[in-house]
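The letters A, B, C and D name the chains in turn, as written, and every chain counts its residues from 1.
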Amino acid sequence: MTTVAVKPATMAQALTRALRDAMAADPTVHVLGEDVGTLGGVFRVTDGLAAEFGEDRCTDTPLAEAGILGTAVGMAMYGLRPVVEMQFDAFAYPAFEQLISHVARMRNRTRGSMPLPITVRVPYGGGIGGVEHHSDSSEAYYMATPGLHVVTPATVADAYGLLRAAIASDDPVVVLEPKRLYWSKDTWNPEDPPGVEPIGRAVVRRTGRSATLITYGPSVPVCLEAAEAAQAEGWDLEVVDLRSLVPFDDETVCASVRRTGRAVVVHESGSFAGPGGEIAARVTERCFHHLEAPVLRVAGFDIPYPPPMLERHHLPGVDRVLDAVARLQWEAGN
Amino acid sequence: MTTVAVKPATMAQALTRALRDAMAADPTVHVLGEDVGTLGGVFRVTDGLAAEFGEDRCTDTPLAEAGILGTAVGMAMYGLRPVVEMQFDAFAYPAFEQLISHVARMRNRTRGSMPLPITVRVPYGGGIGGVEHHSDSSEAYYMATPGLHVVTPATVADAYGLLRAAIASDDPVVVLEPKRLYWSKDTWNPEDPPGVEPIGRAVVRRTGRSATLITYGPSVPVCLEAAEAAQAEGWDLEVVDLRSLVPFDDETVCASVRRTGRAVVVHESGSFAGPGGEIAARVTERCFHHLEAPVLRVAGFDIPYPPPMLERHHLPGVDRVLDAVARLQWEAGN
Amino acid sequence: MTVMEQRGAYRPTPPPAWQPRTDPVPLLPDADPYRVLGTEAAARTAPELLLRLYAQLVRGRRYNVQATALTKQGRLAVYPSSTGQEACEVAAALVLEERDWLFPSYRDTLAAVARGVDPVEALTLLRGDWHTGYDPHEHRVAPLCTPLATQLPHAVGLAHAARLKGDDVVALAMVGDGGTSEGDFHEALNFAAVWQAPVVFLVQNNGFAISVPLAKQTAAPSLAHKAVGYGMPGRLVDGNDAAAVHEVLGEAVRTARAGGGPTLVEAVTYRIDAHTNADDATRYRGDAEVETWREHDPILLLERELTARGLLDEETRQSARDAAETMAADLRARMNQDAALDPMDLFDHVYAEPTPQLREQRALLRAELEAEEEGAR
Amino acid sequence: MTVMEQRGAYRPTPPPAWQPRTDPVPLLPDADPYRVLGTEAAARTAPELLLRLYAQLVRGRRYNVQATALTKQGRLAVYPSSTGQEACEVAAALVLEERDWLFPSYRDTLAAVARGVDPVEALTLLRGDWHTGYDPHEHRVAPLCTPLATQLPHAVGLAHAARLKGDDVVALAMVGDGGTSEGDFHEALNFAAVWQAPVVFLVQNNGFAISVPLAKQTAAPSLAHKAVGYGMPGRLVDGNDAAAVHEVLGEAVRTARAGGGPTLVEAVTYRIDAHTNADDATRYRGDAEVETWREHDPILLLERELTARGLLDEETRQSARDAAETMAADLRARMNQDAALDPMDLFDHVYAEPTPQLREQRALLRAELEAEEEGAR
């Protein structure tokens, strides 16, 4: 046994590594999008891929998102595994018809004879000082579209594992990459990157007995910080990182809530008709008699994403999470 | 006082009348869309408008939904009130970028100096034997987009009243027209059509004491029928027709649920991340201690809309509603 | 050399070397649609091809008539007829090699059938028992596409993928005149030209998009003129002249296969029937217009040519008619049987593996159906 | 006669009357970009106009330099510079009448400023205190548009609405070379041509869409060639030649105003700076290319012409420089003050009346902020 160097990597680097490993392992994996080739993407996630695998494997496309996703459909029909980059969340909207009407439905339409193994990478969420249209949380749209898998990593290791799993999946997967975690770091062993994570499994990031924080993506670090702070107030919070929004891991989530009896859903996306509504509703359906209080939601406001100078007021932070925890009707028991 | 003829009209006719009255009352109201002029629309909702008001007021556009909505934005910028028809639900998807990134945001973007009084009419839902792409329930997408109002009539009178209100609104309103109710009839007085309905108000269609069915659009008749059938089983069901999905009438809905202590949300849209999740979650947040059972959902399956011959299995019908009512934990009290 | 490097496109190199790399003139279509039948060009067309086209046109017309009849009997949910457009439908199918791919729109079931798809399977979408009735890989025919123009980028992507894999496969994509107004049309043609993908775009300009006439759809000299804006050749052809459509498409397919990139073909034709059986065409057009076009019927044009060249005896006519009737009888018989339905199909193909959520919903429906059966017993 | 009836477009009338109604030749651009400065055409340009353009170019350059400096000082979140493209920016603004409308993209703050928008207000989006800093109605400048090409249908709709109302208003919409690939570009141009709307589309072809060179964006002979596919004239112009851009745009505006419909103008220019301050242009292009374009600088070209004609004395130079410095100093000073922020703005403009849901959320934030203040005391 040799000792191996364990060095820190950012989430962006982990994503790059996942793409590179997938491309090396499978010649049918093709990356396409705006600026993904020569530039390596505006977040540098595709850095070096065109140089290593050639422009035919990592291709700068014309500037047209429906065209990118639409041609990816055709490529997948012919046996390739396209990985599409949408440059920013709001710039995926022009591709919605292709996504909803074709990508999500082709397998079903053809009774399984024409699956579309397409990965759609979407940098999402705010907190990076982006101007209008650069900070949307669009997960509600994807979640409401049957036929898509939707995953979102919160750690460097999951970024690698989930992206590999997405590319390996025979079904379309939307990978929501939390922009403000692109530069978050963790140590890992580049000789032996973490494994492929199964899609559809949540993970308990912190165990606790008082209440469960159900969260994902950019709000995971916020919840972990809130859980630390809550300790001072006497609350021992469990934090569940969903990782996969579709399929939803009812098992892990409900096991936690049944244990703690209280839950808060935390996300950056708007509240109304956002992911939290679904999560609160299904947890309540399944754990009603275990609940000491209604499942509460801490979310972005129901407004267009704010300009950079005002975004801090919008983003759910530690205080807002703690305020919600405080409203979990502690007088009622436990 | 003279006696006036009260004669039956279909929902489609009520919508036509609403458009006609709005166009007659306000020369800035313009209708545009595919086949809305000469043909009068594939559902004949714009029948006669081009003949009466001219092609410049009711215009057959080129076949391009983003173009239709995008030019409507420009028309609204110049002081017109465009009423856009999307031919079918799934054919509104190409216009999503314009809808999400502009229509919903222009007022906010300009701190109120450039409101967009645009009405987007979308025939939605199934039950009419339509082939693929002609039966989607897309309300979740609209509800998750701040800046839009979203209304949907279930009666002939509301079709008139809500469409008039939408056109009169200084904000963009998505009017979801339940396709399978287009030919539903009610008596009304053509000399004195019903009033303009305020946006944002639900209405109790049937009072009852056992449980509340919260529903809207195409599922309202289903719920009313279920409520009749439930009487035989000893349940006295209240039926709330939301009419407006955004803004949401918490007051009316919660007053009902607090009274009955039990609720089922019924809609045709898919369940996962659909409207029912939001509704169940917010009702539970607000009425937790009044609830004898979790709020249940009866919804379409989380699948692409089925082909005509299989749609009856998908659409929530009376039996499924009654099954859900039966699961409202009646043993627990009341 | 990568595919990217093989492309030819202009760059705005610094002044004064501004000249476009591509000469636009060869990209422009002729002013008049290209015709073969009844012209000197007809001599170039092999009699075998003309006779093959003839048999297919006769069969295609019979298919349209039969499918329309099936809507009246409630056996089809809806049928968008291609009566009058058979020359385009048939030529599009015949011009392709086995390894090529066809991308039809909802109106192009006939093209799928002419390429070998079982008519019953081609009509599944319109019968309403499922969204697609055939395995697209079997005859290399993509599912019929309903959202307008969205099939065009698919064709480009498939053709590009084939080229990357080293296969000399061509994709032929069909779209209507109305469909050319959609953004996806633009994006697909642009990608195809930039990638020099082996695609042929066939626009069937049948004069209408439901009720909307071409004059409200475009102000262009012709739809084929759009090609130059992508740097690909545009060709205008008489869409009722089967030999002309076959020749123009054949050339485009050969160019694409040889690495010469995409072509846009506009075939000028006419939709004789209403948009679908559910449409009332009298609301937007007069009978006189339809009648003029009937005189330019694709079968008539071909029969005239064959007769003039002494190629059409009664036996040939009869054998074409017989084959068409056999097809129609078989179609009628099979469509009059109820479709085999399995409601569990609703859940089983949404994903490779149903999600836990879908398994729950599947179980719910299964239980309901069992209870129903129970009750029925 | 309705607007719809005034349009001219071809219909596929039955054979043999197939001739296109529009002659495509006059729609096609010349092979070489049109130039004025340093050519005989310059004599036609009034000295006053040249001097006005000159003052604005100098001011525009200074504005670009100042805004870029403000990003380094953290006073702007981001700045997409139009250095090198000032001729297009300035000409687009100057060519319009007061009642006309300008539709700028994110790169076109300079055009807004040249049209009269306060530079601080023009930069609000990029400073990050709000999405738009000016009232669009004040100078008839639409909000800067970030989603590519989406502003183009807005311009068409506005121009169409003005025409319907009987106002002789023209809309000028700006878009980049990359933006021409978007579906919205296609749909906007098509609507404009079918409606014969008084719009001018100005494509600034600056060679790149972020890192992607034009050769990967299109295979067309030129972007101006796209016009013929819509039935509108396409014009190719040297985008660094302010007099040429002004002349070509001016003609297009006059045509539009007179009811002659839209024009597509491609101005060939070059983005001297990186895409934005956050971009690293060395990753995708060499210095040599940039240097060649510096020699074709719009200010240089105009100075050369003015000098040759004896119109540029030191006083004129100095007064242009002084005006530019005054603007820059004012901009610097005002941008160095912190923006006035009101978090309640987040809720107050989503709808005319906040929904009950937004009122709740507003109250929550207000309470948080009061508690924060409380704590800070």
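Some notes on this structure:
In the analysis below, a residue touches a chain if its C-beta (ideal position, glycine included) is under 8 Å from a C-beta of that chain, and two chains touch if they have at least 3 such contacts.
Worth saying up front: this structure is predicted, and the values here are computed from it rather than measured.
Distance from the centre of chain A peaks at C, each centre being the average of the chain's Cα atoms. Between chain A and chain B the centroid-to-centroid distance comes to 31 Å (mean Cα coordinates, whole Å). Separating the centre of chain A from that of chain C, both taken as means of CA atoms, is a distance of 39 Å.
With each centre defined as the average position of its C-alpha atoms, the distance from chain B to chain C rounds to 36 Å. Chain A has residues 61-62, 64, 66-67, 90, 93-94, 97, 101, 105, 108-109, 132-133, 146-147, 246, 248, 272, 302-304 in contact with two or more other chains. Within chain C, residues 4, 130-131, 147, 181-184, 186-187, 190, 194, 216-218, 345, 350, 355, 357 each touch two or more of the remaining chains.
A complete topology is adopted by the chain contact network, contact being made between every pair of chains. On chain A, the positions that touch chain D within their shared complex are 34-35, 37-40, 42, 60-64, 66-67, 90-91, 93-94, 129-134, 271-272, 301-304, 306-310, 313-314, 319-320. Residues 2-5, 130-132, 135-137, 142-143, 147, 150, 152-162, 164-165, 171, 183-184, 186-188, 190-191, 194, 345, 348-352, 355-357 of chain C are the ones that touch chain A when the two sit in their complex.
On the side of chain D, the complex with chain C involves touching residues 4, 7-12, 14-15, 18-24, 27-28, 31-33, 181-187, 190, 193-194, 196, 205, 207, 213-222, 225-232, 238, 240, 261, 268, 270, 289, 292-293, 295-296. Those residues of chain C that touch chain B in the shared complex are 77-78, 106, 125-131, 146-148, 178-179, 181-184, 209-212, 216-218, 283-284, 339, 341, 343, 345-347, 350, 355, 357-358, 361, 365, 368-369. By the touch criterion stated above, chain A contacts chain C in their complex at residues 30, 54-56, 59, 61-62, 64, 66-67, 69-80, 82, 94, 97-98, 101-102, 105-115, 146-147, 149, 169-171, 200, 246-248, 250-251.
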